[in-house]
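Listed below are the structures to be examined.
There are two complexes below, and they share subunit A, which is joined by subunit B in the first and by subunit C in the second.
Entry: the complex of A and B
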């Protein structure tokens, strides 16, 4: 009984997050990052005369560098608070998870501190990526001939 | 191309935002799901088609990480048979992972954790 009443009071005073505006913000932020990615690919192919695949790799490295630098400066967390999933779903989120883990455990030393904890968050992405790519690749290789 | 990149990337972030607002899944769950989704879409060559019509924008979301993994694995499997699946797994993504590790190491040496 008391718990129920307590829960009601908590619900009343909880700040309501506006889901619609969150969705719009995530859409616009994610879209802008996609736009920057496409722009960088075009710029790299135009100025350095490399193939689209190589330009894509260069673009990803550029985005990772920007995300790591912003995380190091402490700006990225503020951006995530504002832009929500718009910053997490692009490759910047992957770089951010690695960089923030490494910074958090810096105090505990180079080996058991950030050496061991570096992949704490990014590890799940790599694990599920590799496992699913292997399983789905096997399916495609066996049933569709690669 | 630019409009499509904007729409595609924005659409994926929109879906992720809907999931995180309405369920108890955290950002880590969602990125893992999206990586698997990218690999899954490549069974039927769907993601390759998306990349060819959307352009650079399709390479930005984390789904392209799964796509690159399976793509590289299958490319090597064409050359060297069954074991190529494991041999070529990191061919395309190696650059991204190496860059992330090296860059974040040197930045961690320079900067101190904020907050």
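Entry: the complex of A and C
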């Protein structure tokens, strides 16, 4: 039997993924996290009398702390099962990816263990984040006058 | 390649399982179970403990001492089959490590039986183990990492399984075995292992049946290892279309092991080398002993999967080994 015919059998028995509902859930959950972030920025500027930029940094630190804490408590992956990628796409997902890798490689020690593996998932995000920031920064500087 | 065995019998088996496996329909056949995944210091050592426990319980059940072990054959999914090697290091017995991913259990029976038949040895223990989180850590994402799994993804079973083969006559005889070939039908999705392994299983079943010149109903039950509920349907369909064989008295261990109605997390079924053993060495052997089944064909299926090779755009290879067992008076 040719591979194509076998692929037809495989596709026939493949269940449909709930893509649309997953997307809607992720959209709402991600949106709620964005809303929380914005509320935090407003709160920080109101109570601590700091600029929006500084409040933004504080908001990011707060969200990262909460995501790491929930990962350590073993709750975050259960939340992702309910809220889908809504929890992963914001900054919380980035913190979660690093924290979960650190937890996994704790036993291998600080150098060969979590030191070497904490960027296992987040490494690509950082690399391409920095590269694209550089490229877009350059485009902006050259074509739009900085 | 199919071969007949003349003088190999099953003495007894021992099974250790995790919590979800215990809650499944075959929970009562397990000798021991653990509620937590953290059995020992690390996830890998927890898997070692599962294997060690299985051998210890088997020795206790068969009233053998540590020094009575003549041969140990086994393997698992961790790199360099370390879990099995560390599990057996204190038994001071000759040891052969084997690997066919989730088809390891039947490969170990084939190797052990062949050694027994061609030597003066009288007994051999076959061992295999897997641990859900240790395997997740090695093959997929960090264990605490949350992500949405596709429905076709299987769930690695947690447990250890040991079986004692002997030349002394018992009720259950190991009759024939078929060594499977590697089958590659361009499957690249690590989240759909059922599709990778189904053609390998079909090939092995077909070769086994034609070599012995029998039809599927010669066996009371044909069991594949861990194709899952979707892979099971692919196998039936493929078997019919390619070889013109309809499988009726057939099921899949991965699809049977869990209580999937209440455990929504497990969408396609169980997998891992121990998954098939938890059904085969418990429920099936018990029914063979009670003579509810007369002949059974075990076809364990393995996906020879390496993340490195998949990232290098290589296909995932499938393999299946078959062993048949029969009740003798």
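Operating definition for what follows: the second predicted complex is superposed on the first by the 129 of 146 C-alpha atoms of A that agree within 3 Å, B and C clash if a C-alpha of one lies under 4 Å from a C-alpha of the other, contacts with A are read in each partner's own complex, and residues count from 1 in each chain.
In this text, a residue touches a chain if its C-beta (ideal position, glycine included) is under 8 Å from a C-beta of that chain, and two chains touch if they have at least 3 such contacts.
Everything numeric here is computed off the predicted structure, so don't read it as measured data.
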Item to check | subunit B versus subunit C as contact partner of A:22, first or second or both or neither | outcome: both
Checklist entry - Can A:140 be said to touch subunit B (first), subunit C (second), both, or neither? => result first
Item to check | Partner chain(s) touched by A:60 [first = subunit B, second = subunit C, both, neither] | outcome: first
Next on the checklist: By the touch definition at the top of the document, which applies to A:125: first (subunit B), second (subunit C), both, or neither?
Outcome noted: first
Next on the checklist: Of the two partners subunit B and subunit C, which one touches more residues belonging to subunit A?
Outcome noted: B
Item to check | Which superposed partner A:85 touches (first subunit B, second subunit C, both, neither) | outcome: both
Checklist entry - Touching A:33, do we find subunit B (first), subunit C (second), both, or neither? => result first
Checklist entry - When the two structures are overlaid on chain A, which partner does A:10 contact: first (subunit B), second (subunit C), both, or neither? => result second
Next on the checklist: A:49 in the overlay: touching subunit B, subunit C, both, or neither? Say first, second, both or neither.
Outcome noted: neither
Checklist entry - Which residues form the common part of the subunit A surface touched by subunit B and by subunit C? => result 17, 22, 71, 74, 77, 84-85, 88, 97, 99, 103-104, 121
Item to check | Complex contact set, residues of subunit A against subunit C | outcome: 1, 3, 5-7, 9-10, 12-15, 17, 22, 71, 74, 76-81, 84-85, 87-88, 96-97, 99-101, 103-104, 107, 120-121
Checklist outcome for this item: Per the touch rule above, subunit B residues touching subunit A in the complex are 1-2, 5-14, 16-18, 20-22, 27-28, 30-32, 34-36, 38-40, 42-43, 55-62, 64-66, 69-70, 73-74, 77-78, 82, 85-86, 89, 92, 95-97, 99-101, 103-105, 107-108, 110-115
Next on the checklist: For a test of understanding, state which residues of subunit C touch subunit A in their complex under the given definition.
Outcome noted: 41-42, 137, 141-148, 150-152, 185-187, 192, 195, 199, 230, 233-234, 237-238, 241-242, 265, 267
Checklist outcome for this item: In their shared complex, subunit B is touched by residues of subunit A numbered 17, 19, 22-23, 26-42, 53, 55-57, 59-61, 63-65, 68-69, 71-74, 77, 84-86, 88-91, 93-95, 97-99, 102-104, 106, 114, 118, 121-122, 124-130, 132-134, 136-141, 144, 146
